[in-house]
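Here subunit A shows up in two complexes: once beside subunit B, once beside subunit C.
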Partner chain A sequence: MTERAQIRLRLGVVAGLAAAAAVCFAIALANGRAARAAVQGVTGEVLTYSSPVEMLFSPDGARLYVLCQGTDEVRVLDASTYAEIKKIRVGHIPRGFSFSPDGARMFVANTWDDTISVIGTKALEVSATWPVGAEPSNVVEDRAGKFLFVANRISNDVAVLDAQTGEELKRLAAGRGASYITPSPDGARLYVTHVYPNPGAHRTPPESEITVIDAARAVVIDRIPLHGIAHGFHVAFSADGRLGVLAELHPKNLVPLAHLEHSGAFADTLMLFGADVGTKPVEVPLDELERYVARPFGVAIAPDKSRVYVSSEGSEIVTVIDVARLLRFVHAHPEPSAQDLSASANYVVARINVGHDPRGVLMARDGRHVFVANRLDDSISVIDAQSNRVASTVPLEGAKQISVLRHGEQTFYTARYSFQGQIACANCHIDSTFDGLTWDLEPDGFGRDIVDNRPIEDLVGTEPYKWNGGNPNLPTECGPRTEKYFWRSENYDDLTLTDLVTYVRHIPSRPNRWRQPGGELTPAQDRGKAVFERAVDKFGNAIPEANRCSFCHSGPKGTSQKSFDVGTRKATDNSGLLDTPQLTNIALSSPYLHDGSAATLEEIWTVFNPEDKHGRTNDLTKDELNDLIEYLRTR
Partner chain B sequence: MKVGNRTIWVALFGALLLPVCAFTPNSTENLKTDLVVTAATAYEPMAALRGGERFPQGAQLLRVHDGKTEPLVAGFAATADANVSFDAKTVLFAGKKAIGDPWQIWELTLTSGMLRQVAQGSTDAIRPFYLPAERMVYAQRGPHGFSLVTARLNDSAKVLEAGMAAVFPLTYTHANALPDDVLADGRILFEAGFPLGTDGSPELFLVYADGSGVESYRCDHGVPRWGGHQVASGDVVFTHGASLARFTSPLAHEERIAAPRAEYAGAVTETEDGAWLMSARSTKSERFALKQWKPGASTLEPVLSVDGMNIVEPMLLAPRTRPHHHPSGLHPWDYANLLALDARLSRDGALKGVPATVRMETQDADGRTHVAGTAPVEQDGSFFVKVPGDTPVRFAVLDASGTVLRLERGWFWARGGEQRICVGCHTGPERAAENRVPAVLLHTTTPVDLTGKAPADLSQHAAQGGQSK
Partner chain C sequence: MNGAWKRIARTVAAGYLALGALAYAAAPDMPRYRFENFTTANGLPDNHVYSVLVDGNRIWAGTDNGLGLYENGKWKTYTTKDGLAHRAVLSLALDKRTGDVWAGTMAGLSRISGGRIDTYTQLNSGLSNDVVYGVSVEGENVWVATAAGASKLNLHTNQWSLYNERNTPMNEIWVYGVSATPTKVYYAVWGSGLLEYDQKTGRWDKYDDPDGETEMVLFKDQGLIHEITTSVSYVDNVAWVATYFGDSRYDGRYWHNFLTKDSGLPSNFTNVVKGVDANRAWFGTDKGLAYYDGTSWAVYRPSPATGKPEMTVRDAQGHVTAVLVTSAPAHHYILNIDFQGSDIWVATAHGLSHGIHER
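What follows is the complex of A and B.
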């Protein structure tokens, strides 16, 4: 679609919305009609996008399998002509897939259904659907065909299933937000990464890990520490198994965010590990002095180990690295080089423009082509590995028009609007959620008003925004404030801002894993609800209305949309008056409180509520607090 | 310009005026695009950085079209420094209506020929560049030489909404500074003496369009650099005089350009097909002529020369990509807060001692140096100070005995309302911050006040960026 056509389409769609949307789209877009309009084309048809995220070649190389998150499908293409052979419907919002070692079966992790789809590759049909943990994101079978390992993002673990029956055998603790599993080339070990930082002390650098599993025994045998890393994505191994490469994000959340130049907000880095590197993992930067490689995600290594290919979601590029030069640099510079923006000049040999939000990277077995799934373009970029140019772009079946929501999502994920292309909304809202970090933003003063990053699911009806309630609506939050204090560069035009706000307002809430299917509460949840709503404490004293949980956390989203002083002000806070946060999926978004000082929900009351200003809770026992937590988990 | 020189200058200019208007070009056969150049009998590219006159015998803007040249505007005694708007509909330039006038900034509308003066003053104003958001930047002569100034180009509601003052300076040292280009990321590239705030050898610096964030483009100082211009690749190409070089995004140091041997005037302009137009000459005794060079070629192709004239400052008469607008985040304060993350770090090597304090010095309006005070340095090398805005400052790192461990050679400034972070002391732009809470912020969030003024209202002070724990 041409730029002009896109603009026409946007104009058409926006014009189709209520006229008030142009003036106050925060209100106009709240109803269902606007939601439908946001996904409609110019003639009113609902636009559906395939949104490819990962790819695999069949063991014989004849087929290219594409995992399409937008249509809940595995698309089977002819690997030579890219003609579509079949669409296989799987569960909702699939994120990862893999073959069994013999290639007879394919496993798909369906994040919103909490299931694994088992596909017979001969019939190209789903033969079984197995329930698994919360938000399964990737799945790998061991070489012996005995175990199936599933990374569960919400339960922070790896489920071990019987590979033949799907019966869950046990869980292995992994990092927070466990999401990606990569087997070593010999299949003996599995390397699991996670997208949220592990819990740690307040205002200390984030810590992450690569969880190493012995695939034959299904036990964790190592946890490779990743100091300073908050978000880990794909791992790739060289064919000889001597080099592992992890794409990761290294935030600067502890330094006041005063400007973006010189990697002020994030370092986009790779973690190298394995025998080629030495006994300790080595972090190397991908960024340059004036150009950033925002959010490295997918990794592939050439069969001859000559090159590493890394996709960057925000920068919409693939970075090509010369492995020999990389290793020479690493061995010549044993001191940490992650802060050196000139380091990448030693090993980066090309940066190749691809489509919107490039995700999975797949290397052809002959090493001649690299495939990149452009999630928000519904296409696959085919890169000629010899020339480092895009040889062709394979369009996938789906809507060609760009809806308001789609354009808004593209805007959310691209880093092109920030100074020198360093960050995007999605840098701090991983997969449109949150990042588990606290930040020191500049406007409130250096070291002051440290703020926890709140989730952005289901935002409608939770205004105002910011912990101090300073932003009345999303257009303000995403517009002038973001331009001045985050992007530090020219922001979107008004139409693009409208589309972005529409997208943000329509980010749905992930399924709540603690709610019963029928909505009824468990006994513990029921007891917790009573605590939440109680008007009398355990000593028979009336709890003033303003001191009840349900007073501030009222309404369907758990917020009265008003600000209160609940006694949590720290010496570094400019005010104790804080916006009441919504409770939607509150169980997922630790740490808690405005500054992220409470590591758990329980700490809100046991550590940070000494005077009962944050609700009357000091009369509650440990069991009663557990009940309260059980109830809150259902919100 | 000094009055004593004016008579000589007027005489020279009078002799020059006619031939300038009546010249004929020697060659334009390699020129496939319209452009504007400055023609001048005498051209001293470095003169303005010393506060002098680059065109001591006058200059005239020429429009080059279809192999023919003609004056861009009529009715001026001198014109120079053309900058074409992003849509190629208007041209900013420096002009003198009468020989004895100071240079002033004018805007020409190409289709109608309409002229308007867009900056007025009693001193020279030269080198105008368009900025996004309907502003411009130029160099204005003041008591300490040329400094960068930004001004609104019109008073439309949208421009007024931006809330920036109509005219204000961007550079705050007691030495000359001249704009070179506006980069795609919205920062202004300028040339000034190195160390900054001195009359040292020319170097390239950066500043945001609100005057904040001043820094050296790179820290591999040494060879003089000037005439910087950003090409489509994002590289900044500049001249050393006898050679061309560039700054690239991946490297912390300049990269030499293998261009033919010549003397280059700087201000390279890139054509649509990737060739570079630039002013060059074989020897110092020759005049600068306009040449075309395709990167990698072994020769310079002649494009335009005029007998007895230097042809400099080429600018394509074509639309170009508008740079990004910088949204100013300055607070309404007359002071600034500076946070150094680790004063021990520097490209200059390890300190020979443990830093205990930093001493800040300022320059007054007469250029005299004053010690503003000292602030403690934490064990991790961090310090946090409140400094006067829009004032030249520099720091010295001292040990516990007061011995200077490191002294900044130049001066820099922070704009009033700026909150700025330095990774170290002259660490270079390649050095990124480590992710840790600076120890000074764990100790206090109140900067040590080095403004020379005690905070009059502590509660207000707290709201403006600081409060002890």
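What follows is the complex of A and C.
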């Protein structure tokens, strides 16, 4: 090695060390932590977070039950001191829980296990685990103790179980993404809300619903239409039952998202219904000029009906609304006001900062305090209802060190990076999934290059990204592209982007509900697999390799990671060359095709494949096509 | 009217009453109905009514121009604008567990649930064909009869199963009617007899006319009366089967055939049969509505010749007696039947009729 070369090497080493030190320093500064690890702490321990999502008081008010999604637990706290009494292990990724009317039992909906845990509240132990399906998200028993109602997010229904034995009696057709159930104050009716829009015609405003169930008869008696609403979350009722309030998201997906600075991509709204507002539900905005309250989620109404409290996941705040002023506004302004950014000043009286990703809101019976579960802070904010200030923050036991994954998840869910705090990744990827919508993303004119929102589960090995395959990797997808098209404001620092990408890369695939437990295929699935893999059509003609299902949708994720023209280009598309989408959990993610024009898997071939460019399928009989779809559902 | 004419009128009226009473006294005690008829004049969506379904106090009428719901004395109409698959609603079924109504139409299958209508077609789902002649709900399965085979939708898994000439003994695929129960599912296949599916074993069986496809009846009571089946109703382990050439009763071992020449059927051309139990059934023909109580027959219709209300009773010996009645179903061409307690609802080619049981 020459002297010059040795000098270069030394300089390089010094520069490298300096850069590494700078990075470490930046990390420490940026994140306030001693080390960076995906899931492990400094001593190698696995970092687990409680991730509280919902809370309940025991009927006597002595205990506070906290549903911890991260540790698969119900934690029982002393309601006065918040000291932990017990941890009760339940199923995987619980999402909702409730008491039996007599308070003797607690029911927990475990989303990944497709089960209900039954907890005896005296022994504080799980006494039974009942199977339901699929992705149970909330559970409520009727007042008579006869039926247990379970909202199933994936199967889009409400399972009705015998409340004593857990035997499933029937399923009621709900809306898409049935997730939350709220009884009316008298218990006579149950109100079910949905996190995905109902299937609808292509390029029409989304529609959701509140499914109303007669609890005694266990039948659907009404569906309150939610025009323009794609995602509904919690409902709360006033004690007199005259006012119902739903936290919801109103997307503006029919206009280019790049117009974020003009009118927003979403209106964050409440739907009011009940006798206090009249015969039709009324939508009111929470947003205000230059300040949005991204993703309203939890709702509570004060016992005296003076205030409504709404948590906003992305904005990390609780909005306090004066009910009397709200109702005056509604009656004085019967015209639609969801897009009116001046409206909320008429009834919002406070906005209270809480923790990361606030979810469930619980009102103390005396109305003096409001509790908020901060999912990504592992804490509960206790708000003084008189002063509208956080009186205390109750930390929950768990890792205090923030892992890379945790920081990435916080970044994914916060709206603080977007213009005026309007949106976060999680706006379109509800609970890290998708949203069931098609979007006009690019600033290339209204209605051009419409794209379906694809799921983001198990993304590793599916790059490039975007339907046109334009983004080679996640740092590009989550970084410059997101910043340019979505945020229009603040950029991520390098470390935050790294953490975000790490989180997105680690979003797992939900369990596939169509696969048999042992992995073997049913006869129909097996026949469908043969169709998927076939090289010869039914007339004995060889199918060109590029025209076989298994060619483009190859590999374990069902994508060759290449782009093809499958004859689905519309007049509004800039190109017909499209990235091959992965098939992971494809059954869950309708609509289909790059622009969401196929409402169902069937329509991909029955409507949009007239020339066999999207695989050779026109020789198939109807039952053979059904078999192919049965197989695809197992992917 | 002068006094003489009044006397004559009174005498004639008294004579009719006496004749009616005598006839009634001599005839078997068959149920009597007062028919209230609905047409477009009082809110029915269309006068051509293909199907009728009773759901407690709610009456659904599948017509040629929309689905009508009669509730609290008023008609509400669902159309394609509400999401209905097609204006012509050929068949209806109630999911008794959930209260959902399933409507088979000329262009798909629709589910009406809590006021929302979801539609399944051969393009957007696994449904075998859009012309849905029959639908029946049993447990978590919706069984469907279409113009190109039979289908089953499992409401838990959303999986469709198709049944046709490749996987059943069906040699025609024009499926007209279906009756599903926890033990057996029967399909009436137009030109292919009666198809039976055993829910326990998953095995298919087929019942044909022992005389072949001819209109002759060489082997009476030896099997299905004819291959062109139009409707089936399975109740109390007995299958009642309608064809265009007579009807049949099958108890799992023995067949019994019904023809106009040796029963009280007003016509062999039968559109629908609906069993009350193992021994009693209603038949909807092109020449009136017939009731069989296991021994005797009663026919209710407006006279095809005069349009005047008629009721006739045929006893076990074949004696036919006219019964004086003041009302009849809206039309003699009967398309569908359902029960509301002891009342009956009848879909006809010109109106919907509510037969209110009188005695």
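Please note the rule applied: the second predicted complex is superposed on the first by the 593 of 635 C-alpha atoms of A that agree within 3 Å, B and C clash if a C-alpha of one lies under 4 Å from a C-alpha of the other, contacts with A are read in each partner's own complex, and residues count from 1 in each chain.
The rule is short, and it goes like this: a contact is a pair of C-beta atoms (placed from the backbone, for glycine too) under 8 Å apart; a residue touches a chain by one contact, two chains touch by 3 or more.
Nothing here was measured: the structure is a model prediction, and the numbers come from that model.
In the superposed model, A:164 makes contact with neither subunit B nor subunit C.
Once the two structures are overlaid, the count of subunit A residues touched is higher for B than for its counterpart among subunit B and subunit C.
In the overlay built on the shared chain, the residue A:392 is in contact with neither subunit B nor subunit C. Of the two partner chains placed by the overlay, only subunit C lies in contact with A:155; subunit B stays clear of it.
Look at A:341: by the touch rule set out above, it reaches subunit B but stays clear of subunit C. Within the superposed three-chain model, A:491 lies in touch with subunit B and out of touch with subunit C [touch as defined at top].
Of the two partner chains placed by superposition, A:516 touches none, neither subunit B nor subunit C.
Contacts of A:212 after superposition on the shared chain: subunit C is touched, whereas subunit B is not. By the touch criterion defined above, A:629 lies against subunit C but remains apart from subunit B after alignment on the C-alpha atoms of chain A.
In the superposed model, A:599 makes contact with subunit C only, not with subunit B.
Chain contact summary for the complex, subunit A toward subunit B: residues 203, 205-206, 228, 250-256, 258-259, 261-264, 267, 285, 287-291, 338-342, 344-345, 348, 419-420, 440, 442-443, 445-448, 480, 483-485, 487-491, 571-572, 574. On subunit B, the positions that touch subunit A within their shared complex are 132, 185-186, 213, 234, 249-252, 324-329, 331, 337, 339, 341, 384, 419-421, 423, 429-438, 441-442, 445, 447, 462-467, 469. On the subunit A side of its complex with subunit C, the touching residues are 133, 155, 169-173, 198, 209, 211-212, 217, 219-223, 514, 524, 599-600, 602-603, 606-607, 622-623, 625-626, 629-630.
Per the touch definition, subunit C reaches subunit A in the complex via residues 97-100, 111, 113-116, 118, 122-126, 128-129, 140, 148, 155-162, 164, 166-167.
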